[in-house]
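One chain, chain A, links the two complexes that follow: it is found with chain B in the first and with chain C in the second.
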Partner chain A sequence: MTVKRQLSMVLDLNKCIGCQTCTTACKLMWTNRNGREFMYWNNVETQPGKGYPRDYQNMGGGFDEAGALRAGRQPSQEDYGIPWEYNYEEALMTGTDPWLRPNVKPTWGANWDEDQGEGDYPNSYYFYLPRLCNHCANPGCLAACSRNAIYKRQEDGIVLIDQERCRGYRYCVNACPYKKVYFNEQISKSEKCIFCYPRIEKGLPTACAQQCVGRIRWIGYRDDTEGPIHMLVEKYKVALPLHPEWGTQPNVFYVPPLSPPKYGPDGEMLDESRIPLEYLESLFGDGVAAALDTIRTERQAKADGKGSELMDTLIGYNHAEMFKLS
Partner chain B sequence: MGSDDKDLKLGSVDPALEGRFEVNGIKVTTVFEQVKKEAAKYTPEKTQKQTGLHPDVVRQEARHIANARKAIIMLGYITSSYSNCLYTAWAYALTLALTGHGGRTGGLDTSWVVWNHPKWTELSTFGGKKSARYEAGGLGEVLRGGMMEGIRNHFDNKKLKERVGFDIDEMEEMIQESIDEGWMPYYGEIKGMIAVADNTFRRNKMAEKYREEHLRQASELYVNVNVRMDSTAEWADYVLPAASHYEAWDLRTQGYHRFCNVFTESVPPVGESKPDWDIMALLTKKIQERAIARGIGPIQDGDVTRDLHTIHDDYTNNGQLMTALDATRYIVENSPEFGGVTLEDAAERGFIVLNEHAGTNQPLQKDQPYNPFTAQTDGKKPYETLTGRITFYVDHPRFVKLKSTVPTARLYAGPEASNYPLHFYSPHTRWGIHSNWRSNKYMLRLQRGEPNIYINPKLAEQRGIKDGDRVRLFNGNGAFFAQAKLYPSIPADSIMMEHGWEPHQYIHRRPMNNSHVTLLQPLELVGGWGHLKFIYAKWNANQVIHESSYDIALAKPEEIADPRTI
Partner chain C sequence: MKRSFPTTTFAVLGLMMSVAGTAAADHSERNPNVTEVNPGDTVKVARIPDNIYLRTQDDPDDLIWDRLPVYRTGLTTAPPVHPSVMLRFDPTDMEAKHLYFQVAKSKDRFYIRLRWKDASEDRSTTVDQFRDGVAVQYAIAGPETSYMMGSGPDNPVNIWYWRSDQEQIENLAAGGFGSTTHLPEQTVTGASEYFPEEIAQDSEWHVVMSRLIDEDGEHQVDLSRDTIPVVFALWEGHHNERDGNKKVTHNWIMLDNSDSQ
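Up next, the complex of A and B:
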């Protein structure tokens, strides 16, 4: 879908510490009320893992090789995790409950399999994958909406749901393979990440990017050849889309994670990465090996004092250079 | 090697590092010879069995440090949570010294503790005129909290001695000796408590015993100043509601960076809550009023007097510092390390960049790293030690007794010193500081919603435990219950649990800390030997809090049942 300009985000997974500050910034700004309590427009999941909502990677959606919508399903409330409440008053003030606890027995949540990953000590491995709406160039949600309620803004490519037109049919929820459209039962309408457009319009980055303590997020326009997105995605090709095979052409890109070497049976270091390359390729496609090589080479150059334009960008010295919003 | 420069200005003197000599008929050798001899006992091949680290990995790491242009080892609190911390830290110092890392080429860095803030200190200590009593924190907590009982319940005396070189009886004797000799101050029981900014009944080990002891000793009055109903506020006679973050003027700095964050009163305090400073101003006002009315004059306390009849005047600098805003302005506008910035400018910018006066050991230079100890390596200023140098030989009688006169190695206590087979790690929570935000629902929804432990899948399988099951963790001091979460990144003989959970979040309100045991390291309690004497935040014993161990089983339904089970 052609737009005049496209805003885009790059996230460096080597720098994400899984602190959930982005999740919380988004939650408190947009989704802690009015039927959105279960939604995480931005979530951080541990991979390998089931992700959020649970097992979303196997729920279908997106496009097949011929460009037709693939069937998808809507996650259950349990897949999202029940937003349990607490008996603060009864446990701490009136003393009528014996201890502080959730009002439902927790059996699943948005970050339930945090830090689990794969492998076993000392060769276990995992990393954090922060996810938001990809504001795709070919959005599955938009293609599936029979009400024409979903649109891409011409000026920045942000994908929005027109709340006046939406009738809550939920085709968009099923069609998004990333499961980043949510159905609000309280108002019978679908809702999703709006890329903090009221902030963007004031020249401010999204809340998730502004608050990120690891400084892992860059925001800019795809066509800005002087900007960070162009450098990371086009020039050095170190930032890759998640599941490009799903056919939606995401505008959110990830720098894949390097990992330490594996240990042998006697504790010796082996010449083999802890995170298998094939696994990373199953997420980010064929460009992973080249991207990791580039990062390794540039890191070494920086360490050797030779300087590296790429590393200077990835370090993220100041917000003004990380967020190019004009 | 890090540097070829000679650090010592010795002129033509070339001191012997090695060799054996006879001086006045006495056979002597050098410290370096002794250090070498001791270190030779611990080759990477020999330590592999204990550490699990392959010799190649150890050598690679050593060469990595040696080859680095600059290498800093930062000694944090985790190491000091083990009884062998002193040995580890001394070995760090030795590693860095042998590889030429000091000053501009690195070194052992403990500078993260604090920057130099003279005006802050002036207010908190009343200009040093009536200094508060200080104690070694761990010593006071263990003795006053009745923790020795729990130590005896948990550890096997014989096994402990084999592991760490002393048993509980010897530890107790050495603690008493340190008090009797005046090496470490200990002031005995408390009579009352006004507690601020410390969730002490959550934090301390042998929690229930500790709490009972404190409430018994302070049965007349236990006051807690708090922003929320935490596990300490719950037990106080009075809770004074405090203004929270963003509701009060405040300043925060810490040694990891060179900025002071300025907190403004963005919103007014909720309800009747007030900033800590204002609460204390009001409390001291009343205390002074009553002291004068009752004719209570100066009370001699060692070298100083406690003056309840002037306590408000003293606290507020004769009425000039009545509020948090007054105190913040005073510090900002009078502190040399803030360079004369006005409070308005500092608040507008949100932070103040500290200048050269902030350096504790040497000036903090603009646009240069704050390297540890350059005053000593470049400026040739003596270290604050007995010899004026980094010291690798201590002949304090206790160091001699525990065969620790030169850097050496000891095992930590761990499960092997008890009858409970699982190591137990209790790191900080991922997104909180201790118990701050630990019971916040938005944060809880991003974990398991209730206290959980982390267990290796192999161990879980052996014990018939599945992910999400409720389990019982137990040792010689009791048990607690938590949800099991599978975590392959921990060894199969270990359990991990984030430490900040409030006691009131556990089933039956029975927290980890009831059974979590602690120790003291007698070497950290020595005094009377040069720099080894009680100095606040420099030489004082902490609780050794990662030495506890547990066993684990699936919880039985009747153990975790309650009448209103959800």
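Up next, the complex of A and C:
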């Protein structure tokens, strides 16, 4: 699907602290009301972990090797987590209920397995993976819509659902392998991340990127050879798409996380990173080893006082350089 | 992006359509008061006498329906026309679904009553549940119009769509696949009732839809014509049916709407 220009985001997983500020920014901006309460257009999940919705990586969708849509499974409400509220008023203000408690029995939620990860002490590991719609170049959601209700904007490649045309068939929910389209039961239509297009049109970055405490997010156009996206994705190839094998050609990229070495049985440091390379490759594809090497080398260069253009970008000194929106 | 359609599907369906009326049906009820109707057949629109007063306009269980002729037709799986429908298409499902229908008009109103067996009452539309539904589709022009959602914008169809999650009939038009559009004139009324039975398979939906005969609008079917081509579509929410995943009448049934007796 060719568009005139494509907006893109890079997230450096080495810098994400899992604070969920991005999640909250997005929720307050778009999804804390009107049937969207269970939706997280931006979520931050702990990996290895089940993710959000629960086990989404095994729900199918996307494209097969021949380029045909792959069948997917519809997540249940429980897979997303049923949103709950607390009785603050009764428990803390009027004192009519001695307990502060949620109004539904919580059994699962978007970050239910937060900070669990894998492995045994001292070799346990995890990292945070913030996820949003990838505004894919070959969107599964768009291909699956029999109503032609999903489109990609020519000027920036943002993928949107025309709410007038949507008739709530949920083919898109099924077809997006990242499960980044949600069905709003209140209006019987599907909704998704809009890449904060009303902000973008004013020259502002998305809410998740603007508020990011760890300054891990860069936004820019793919074709801007002076911009951060080009440097991280094309020039240094340190930013990689999540699950490229799903065939949707994401426009959100991740700098994979380095990790400390593993400990041997006698407490000695092994020549093996804590987060297994194969695991990272299962998420971000073949480019992981080379990307991690480049980051290590450039980090050393910077530490040695030799200077590194890549590190200066990844540090993210100021927002003006991180967000190139023209 | 590539969209693949095994071409054999259509051949299989062609075969299936020709046996639709006689294929294994969802039940074997034999009722001498019911007339079996196949696509291509003509059915008379009954006239409700002027001295009969309907207490509730669209009562799906009104006594009047016991006095009017009942027709039955077999609906079979619609041929998939989009990859998403294809993905959910079960070529082994040859079972015809029986739809009972009655058509009648009063001096100023046109009624259609539909009844079918459905073991589950699926009224909700949630993230992973689909609702039951039924639709009546009319050719705005003649039977040369494609019974599959019309033949393009110049030869459209008018669709009355009842969905179990609201007591309100959607008045729609389409001119080809994916073009279904809500009409500015929402002139169709209706009501439904689900009748659960001890044996779940015998439970039934009854739905009545009606409209004033005199209505204007480019995409509203002219109900004063002598002949009106009509087809039906049925969705069972329990089987995740929606959109093109449905059972349909494969070609027009002609309604004889003339005043001759």
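Keep in mind that, in the parts below, the second predicted complex is superposed on the first by the 326 of 326 C-alpha atoms of A that agree within 3 Å, B and C clash if a C-alpha of one lies under 4 Å from a C-alpha of the other, contacts with A are read in each partner's own complex, and residues count from 1 in each chain.
To be clear about the criterion, contacts are C-beta pairs under 8 Å (C-beta built on N, C-alpha and C of every residue); 3 or more make two chains touch, one makes a residue touch a chain.
Computed from a prediction, not measured in an experiment: that's the story for all the values here.
Chemist: In the superposed model built on chain A, check whether chain B and chain C fit or clash.
Modeler: fit
Chemist: Tell me the contact category for A:29 with respect to chain B and chain C: first, second, both or neither.
Modeler: neither
Chemist: Looking at the overlay, what does A:76 touch: chain B (first), chain C (second), both, or neither?
Modeler: A:76: touches chain C, not chain B.
Chemist: With the two complexes superposed on chain A, say which partner A:301 touches: chain B (first), chain C (second), both, or neither.
Modeler: Neither partner.
Chemist: Is A:68 touching anything from chain B or chain C once the two structures are fitted on A? First, second, both or neither.
Modeler: So A:68 only meets chain C here.
Chemist: What is the contact status of A:258 with respect to chain B (first) and chain C (second): first, second, both, or neither?
Modeler: neither
Chemist: Kindly classify A:84 by the partners it touches after superposition: chain B alone (first), chain C alone (second), both, or neither?
Modeler: In the superposition, A:84 touches chain B alone.
Chemist: Would you check which partner chain A:311 touches, where first means chain B only, second means chain C only, and both and neither mean what they say?
Modeler: The answer is neither, since A:311 touches no partner chain.
Chemist: See if chain A has more residues touched by chain B or by chain C, and give me that chain.
Modeler: The larger set of chain A residues in touch belongs to B.
Chemist: In the overlaid three-chain picture, find the nearest pair of C-alpha atoms across chain B and chain C and give that distance in Å.
Modeler: After superposing on chain A, chain B and chain C come no closer than 20 Å at C-alpha.
Chemist: Return the residues of chain A at which the contacts from chain B and from chain C coincide.
Modeler: No residue of chain A touches both chain B and chain C.
Chemist: Quick one: in the complex, what on chain A touches chain B?
Modeler: Contact set of chain A toward chain B: 18-21, 23-24, 27-28, 32, 81, 83-86, 88, 91-93, 97-107, 109-112, 114-122, 124, 126, 263-264, 266-269.
Chemist: Chain C touches which residues of chain A in the complex?
Modeler: The touching residues are 1, 38, 63, 66-69, 71, 74-77, 80, 138, 143-148, 167-171, 173-175, 182-183, 185, 188.
Chemist: Under the definition above, what is the set of chain B residues touching chain A in their complex?
Modeler: 48, 52-54, 56-57, 60, 229, 234, 430-431, 439, 441-450, 454, 456-458, 468, 483, 485-492, 502, 504-509, 562, 564, 566
Chemist: In their shared complex, at which residues does chain C touch chain A?
Modeler: These residues of chain C touch chain A: 1-4, 82-85, 87-88, 125-128, 165, 177-178, 180, 240, 242-244.
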